[in-house]
Amino acid sequence: MKHFITLADLPDFHQTLDLAMELKNQPTKWDAMGKGKTLGLLFFNPSLRTRLSTQKAAQNLGLPTMVMNFSQESWALEFEDGTKMSGLRSEHVKEAAAVVSQYCDMVAIRAFASLSDKEKDEAEIVLRSFAKYASVPIINMESATAHPLQALADAITIKEFQPAHKPKVVLSWAPHPKALPHAVGNSFTKMMKHMDADFIIAHPEGYALNPKITEGITCTTDQEKAMEGADFVYTKNWCSYEQYGQILRTDDEWMITPEKMQRTNDGKFMHCLPIRRNIVAADGVLDSPNALVIQQSQNRIFSAQSVLKQLLENG
Amino acid sequence: MKHFITLADLPDFHQTLDLAMELKNQPTKWDAMGKGKTLGLLFFNPSLRTRLSTQKAAQNLGLPTMVMNFSQESWALEFEDGTKMSGLRSEHVKEAAAVVSQYCDMVAIRAFASLSDKEKDEAEIVLRSFAKYASVPIINMESATAHPLQALADAITIKEFQPAHKPKVVLSWAPHPKALPHAVGNSFTKMMKHMDADFIIAHPEGYALNPKITEGITCTTDQEKAMEGADFVYTKNWCSYEQYGQILRTDDEWMITPEKMQRTNDGKFMHCLPIRRNIVAADGVLDSPNALVIQQSQNRIFSAQSVLKQLLENG
Amino acid sequence: MKHFITLADLPDFHQTLDLAMELKNQPTKWDAMGKGKTLGLLFFNPSLRTRLSTQKAAQNLGLPTMVMNFSQESWALEFEDGTKMSGLRSEHVKEAAAVVSQYCDMVAIRAFASLSDKEKDEAEIVLRSFAKYASVPIINMESATAHPLQALADAITIKEFQPAHKPKVVLSWAPHPKALPHAVGNSFTKMMKHMDADFIIAHPEGYALNPKITEGITCTTDQEKAMEGADFVYTKNWCSYEQYGQILRTDDEWMITPEKMQRTNDGKFMHCLPIRRNIVAADGVLDSPNALVIQQSQNRIFSAQSVLKQLLENG
């Protein structure tokens, strides 16, 4: 793989999962692999799990890291071609990406959706520009439309807690006071296409994800029915895709509660975090032994490490 | 020791001091001890000495670090139980502490006092919440009411410059234009209870420290008399404890001057830094060979290293 | 050398260049040299290339680094002597520099010009104060009036692309919407005095650099004539030195264009970056194979590494 921008960049999804599980068993087995190389981590947005888990993954591979909060510590970037750069942006991504490639053997980037311009968000202008002008692999640490390292960690978690039967997995929208991106919902959906599971997406009217991504997948606006007999309930808020960036409702009808979880088949509760308690899910759901959110966060180490290892082997 | 939140958490104060002295003589004697482990440093407030000395201490033990400016780089945390998280706080400490524990083998935290809510400050809500929900040791890098790593460095410094006789040590309040916390004063006082010294606290009317902490210790409002014959003058400003968070006076009557130092027994001058020159102490005091402030800052490496080493051995 | 604040601090300019070239061929030849030591990087201003290239240089020498954004992460510093520190500044550089010296074996600092007070800028108050009060070497990562690590990287680049004949090198001013410092222009000029080249500086009326620095060097206000037959065109904006900090013009007459480059002897285009496209230089110039800006940025690793190595050998 040249870059890791979406799950589709993986040479083999299931081999990557197997590798991640192997790394979880022996995290430092390849701890000399990164010697002499450098991973750059560039953040355009806040991060807790991604920042720390990716650093830890690199450490397990003996791969030194350099972390930058790009917006605060560096120069404002221009992404448009042919502009007269007379405004606030001091450096073009053409130079920035090429320059960073001189110091880093791989560059991981976090750049969230604007949620104001659907076309630009879908063009993934930050990640795609870096990939175009860098001479080293670019790794997606959550972009405008995708969060593949999270989806990979979620896949590991589902595999670890898999029942004997083919599991039923529900991705359920939940309320949130702020407009949130579709990245996690998108990548989870794409990831589930690789899994042997009955997968269903539940969301209120007006909250359908990008239909190109959900093509072929059952979607419903009946949350309670969707959760019936589910083995895994993955919850996430996103803003409206059709009325791009809008919040259509903030009531708590779609909040995940212990009562709703009782309709499941002793279902596990999943969320990528951060999660707003008693808004997205009630305390009783998160404090239950069936909540897997901390296990998911732990698996972020091994999803990142499996991607870094494959990119190091290419190099 | 499970966590290092106050000096009382140390299994043995004097053995810790001896270990710190040993580490100062041979800083890299145990430089393979931290291999494969990770120390997280989470800052909710500014830091110079603590940030660098703790990193250096970890480096001496071969312990990789991950540093985060939590307020700027991560999500705003909720600490209250049972809240409907509809406001500005995106993540609950329950999740944050558990998640950080997946990536770090120890987590050091700096979270200053609010100085607006005595009860909350005394509950040490940040440090205690992390300690409650983390599955790894929490280390205090200055909390609302305590700065034990500073007190330990101060103890090392006093021991290094100890006269042949039982020393007289004065903790003297000094003026400051801003309302400052009691953490350093509190921890210095608690530390002095372990030392074989005549210890006295001098402060103006209205500036008594928490009486639970100063119980059994001589306190006076006569600074000059307190300094008479002193071997060590430890200076620090704090705001009023009784009229919590208030500044009652800003005149320079209590500033430490060379004239006042002449009343001492060739006394050493100590301060935790940062110090405002010609407000807390005059230039002549700080520029004198009797000032030990830089030595204190150096000993911060070994106070941190002695705590890290003990926690690593537990793990 | 005790500190590296200007090019004049180098014991031997040409041996340093040779060392840099050697390090470029074998970056990790001395990768155990920094063991047990620490390099502190203190930033008072934004940085991309300097931040990452200096870290990478240190990594190549096995030298651990601690990076601080001083203005955001630490305490505001006082630089004046004898002040009553009652304002916003919490710590004096006397203490800060001495303290940092306890934790770091070398300290690299970036502190830009104010462009409002020529006298203070020329006194290099930040770098010189740290050098005065630190007990370890101070390294200039761009100060008010100098950027010697950039100039060293530029010298390496010129050497790498040197024609068979004695080259003609032009330093040309170019327009910019913001008032920029003279540091790069100054250090490039000083560096060129060591090179065997015909060197000429072109700038519009009112934009002469400090005459003490350009003494003995041909200066012209005829950019096109200066570029005639040039082998290297080094471009950089700076604000007026005489009318200190002023922008006298923002028209694009002095922008470097492909047409102007045609007057050169297949001339190479150089710039320290970040560069504003179609303001300082047209897209066609930057996208041409004759642009060496990325090579310059790569050579920042080896200019820094050659300085770090020499300072490590001193210690």
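Order of writing sets the chain letters: A, B and C. Residues in each chain are counted from 1.
Note that in this section a contact is a pair of C-beta atoms (placed from the backbone, for glycine too) under 8 Å apart; a residue touches a chain by one contact, two chains touch by 3 or more.
Only a predicted model underlies this, so the values are computations on that prediction, with no experimental measurement involved.
Student: Please state whether the interface between chain A and chain B is built from the same residues or different ones, using more than half shared residue numbers as the mark of same.
Tutor: Different: fewer than half of the residue numbers at the chain A-chain B interface appear in both copies.
Student: Fit chain B to chain C on CA atoms, both being copies of the same sequence, and give the resulting rotation angle in degrees, nearest 5.
Tutor: 120
Student: Rounded to a whole Å, what is the gap between the Cα centroids of chain A and chain B?
Tutor: Here the centre of chain B sits 39 Å away from the centre of chain A.
Student: Could you tell me which residues belong to chain C and also touch two or more other chains?
Tutor: In chain C, residues 72 touch at least two other chains, as defined above.
Student: Okay, in this complex, where on chain B does chain C touch?
Tutor: For this pair, the touching residues of chain B are 28, 31, 43, 46-49, 51-53, 55-56, 59, 69, 72, 177, 273-279, 283, 286-287, 293-294, 297-298, 300-301.
Student: Within the complex, which stretch of chain A touches chain C?
Tutor: 36, 38, 40, 64, 66, 68, 72-75, 78, 82-87, 89-92, 94-96, 98-100, 102-104
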